[in-house]
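Chain nomenclature is as follows: A, B, C, D, E, F, G and H, assigned in order of appearance, with residue numbering initiated at 1 for each chain independently.
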């Protein structure tokens, strides 16, 4: 699935800038949050299933071709012995954001976190919190914003909105 | 300390692109690796001590002014109840890379990792492995490379070198 | 929300002595226990939402002004990468009681505990058990009681009541 | 051992305000930090060994008599199955600060932390970080400062000094 | 509650041999298993609530008087910062069996286990598995059996029954 | 090795009452503490190596014959996947005390603890703290003391001595 | 229960090649997956309950006779202090595959994993993921395939099918 | 490096049966134990460095060609986010034995264990204990022995030797 119209400052009009991949279709309810954020910021993305363990060649090819087809950032989510983010990072030079998923076969998420986070020197994965696909999407926006001021402006507005909602909560609490 | 000549494609000639901060001077032996990587890639950086807990206003100001002075990425390392990366991320919209440091007051690094990684929705921190300041540096390069092809070329060469060294090790082992 | 009539020995009649803050409105069901205890002991308090990550300036201002407006103790609850108690403690010199909240984005509470408890030397946070906002309230009472004998008397009665209830349970069990 | 001249605002001239106790003499190298802080702030303290497990009656009596002899705060450090802070808190109504000690018989400090922190509702222990007796001392000062403005002033100076040292570190780093 | 007719070989006819205590009435559903085992083996027991934290004196007295009134073994269950087994063991010289209870305020049982198990040298607590009050009961039987051969015979029959049930399961499975 | 003269009240004069076994000779420095305690209390014991994994038949026979040859208690120490205590407990009806050993192949002792402690219903192991062979010895004494008042008297003296030493430490500290 | 017709290349026509055992009948819902995989690959197996702790002699005999009756691989599942896989491995020289079961008496599976995985040098257990009896079955197939090319062919088809399903998921996602 | 003369029953005379690979040359001191065991059993092996992260194509090719060149078993060791065993298992249908290495960048081995052990359904890795390359070697022997009786005989002798050494230790201990 490929969605959105990316900012023209960042690539060919309409080109897909962010690839969202996940180890299993069952990770979609978690990973959808990343897609939603990107759509909200008007960034084009593609989203698909790529399993490091069940489709190693597909994973290999996906990572190998990512840069050539114009992707700027890859968001990869997986659970248990989660090798997808790290393996994709080993093949591409694009920044890879890893989302540890607390899947049904995970031990409270510890395996997902450690097998994504603890990459060896030379091959970083930008890891976010357990199940935090939303933050993965926001981090992708921040990365793209380093070369696109319009995204910075949107991100500042997004933060402003976060602030506003907290203050709204505070006011509601005051009334009680 | 401010070092390096940044790629002219990414900002004003010589402007500092990456800010490396750490919660305590004692984190320097770990955090130096980030600086070394950036220097190797010809990316200008500044490096300093900013403590979220002992200098909250300094931290506040650092984060607030980061974008205005041209920084594109912030690398923040801290140990124990490590609030620096997350607090800086709460103030700036720049991508913040968090380095959990296994400092002397840390419980085997678990506190450092969890208090950097487990950020709430809305405020991501791109967390790397325990003590992996080198990977933080490389991730910063990858982020900058999304808008600077010359860095992508350098990064590919860097990976090629990693590959070459492993194969060299393999050959040495074969000889035994 | 500001409640209660504080002991006149401790401050201006009716002044608010304890500030209860939480990182998110969703922490209220846990944090309410602290408020209930304070009301039970006749200590005036205020309760509001202050997010370290989504409203860093609000947090900053809250902590900065706390002492000036007469607060004696701050109770701060948060979950996940819980920076609120520690950051508030970094700004004020009032005693800060931290309540690790087992929120939905927490890994069984471990992240909440470690990111509140493991503060560096110089900046203590008085941490209570996971979700133990009731104990946070009681600890605030004990702190205020160091200068208010009437509170000590009430606290002794409170403990007496705890004792009585256990003995009641014991008697009931004996009858079975 | 009883040391210091306490602030006259807080009690009878020279009366001891803080009791520092530890489960074993071997905890002294850690617990000494609490005493040093109190001396630095001019607060009188006593320091002794009280083992919950080897001297339960001594522990009982210590806790029972603490308030009567003028103590305002108790700092209790212990390691392993660390029952001292919680048991003292069960007997007295004074605020009890617990210091989890990473003693030789502790499993990386996890047992010390959990058996001090996880107190049931009704009996709080103000827990500080692993081995953080210094912070226990500072927390005691903050508690006493709620009724002694001169201590607040000293505490503000202390924090100012922390800030100054970080900025000094930063300056030194700039010179390199 | 006091139940059963103890073996006359072990003490005065009808005297209570095992004391079962728990930190809270809410531990009863777990601790009942210990009582059931003792009844099954015809060993007299008493069962009551004794909270180390809410009724420290009651706990003190219970432990102090246990031996005098003829108890041979104490089974103590508690959750969270579970001090009851260890504190009772510090006061009596009777063998104390500790049952870590996974109570609602426990962190998956880790705090209960560590604060019961990790007793310092000099004061053992015979710890059984999380929530394993049944095994606590059986261990009490085994201890009493060291001086009562009739109990050994019963215990052998009990084990024989365990064996028989597994073999029955195996046969059922074979039929499928 | 067989040592000591057991209390005549407990068995045939000179018969061995406690069997100390360990999974590997390398556990001896830890397990020696159990032997030392028994010798101190005048209880005869035997000590040997019995590996559940390397000598399963020897283990089987040891457990099977233990009761017949007059043993009253078995102390079993092992590290890593520590099956010795549990397997011996599955074969004999004697009380088995398990000592989790933090051996070189153990993960900080967690594997040793969990594989000894977490026995299923029906087969208890009386687990003591990590490396706490001394407490295993004392627990064996307490078990034997349930039928031997002279041991109770000795145990009370032992505890008295523990108390005395703590108070001595306290006095020394007072002098400083 | 004994099922299937094993490949004639691997043994006497119809002989049972894989023994599946579990510590308790309650482990069957998990362990059934291993049987299902073997049936799918046309490998004969037997499945039964063998408890290390409740039927140690049965366990001993099972392990002792396994090779003689033609078994090539044993799959053993257990939870909590899971001694079955390791003890069977100590008696037979057949490869033993261990399945840590997250049973009701397990602490989130950690005890099951560590007591199966952390076997001492000399006695390996091929451990698979928590509850991963399916993978245990597949590993048994892979082991048998080392001497039976027809199984290798089937395994390659199995992997091909895994791949196909992921690609199908990917296509479905593309359509949305 | 390729060593040994494999049993002629298992393949072409002299063909290499076991491939030992490791993620980094620094894993050699651990992984050497696997090679030593194989040599002891007269099984030919090759040993080399293959990094999943730094040489993904080399890893891919190694796994792809393993079966064709006659390997029967692959032993793969890695530390930290250890993806090598699982990725190799995703590509080949040979049994893959995973050795979690407690490398310098590992968090006490937990990351190594979890990222090797917790493989998803469909792709098993036969995981052995932390640093237990010796057991990996023995497991490889056991797998090969399923089709080579001479190896079974050797393995029985090996176990006999393990038994003998324990009994020797026991005798030595008896003499003291």
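By our rule, a residue touches a chain if its C-beta (ideal position, glycine included) is under 8 Å from a C-beta of that chain, and two chains touch if they have at least 3 such contacts.
In this text, all values refer to a predicted model and were calculated from it rather than measured experimentally.
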Chain H and chain C - chains in contact with each: A, B
Distance from the mean Cα position of chain B to that of chain A, given in whole angstrom: 19
Computed distance of Cα centres, chain H from chain B, in Å: 37
Chain D and chain H: spacing of chain centres that average the CA atoms, whole Å: 52
Shared interface positions of chain G, touching two or more other chains: 24, 54, 80-81, 105, 107-108, 110, 113, 117-123, 125, 129-130, 132, 159, 162
Contact pairs between chains, per stated definition: A-B, A-C, A-G, A-H, B-C, B-D, B-H, C-D, C-E, D-E, D-F, E-F, E-G, F-G, F-H, G-H
Footprint of chain H on chain A - complex, ascending: 23-24, 52-54, 56, 60, 80-83, 86-87, 89-91, 105-107, 110-111, 114-123, 125
Complex interface listing, chain H residues touching chain F: 108-110, 113, 129-132, 159, 162-163, 165-167, 169-170, 172-176
Touching residues (chain side chain G, partner chain E) in the complex: 1, 24-25, 28, 47-51, 54-55, 58, 80-81, 105, 107-108
Chain C-touching residues of chain D, taken from the complex the two chains share: 10, 67, 72-73, 93-95, 97, 113, 117-130, 132, 134-136, 138-139, 142-147, 152, 155-156, 158-159, 162
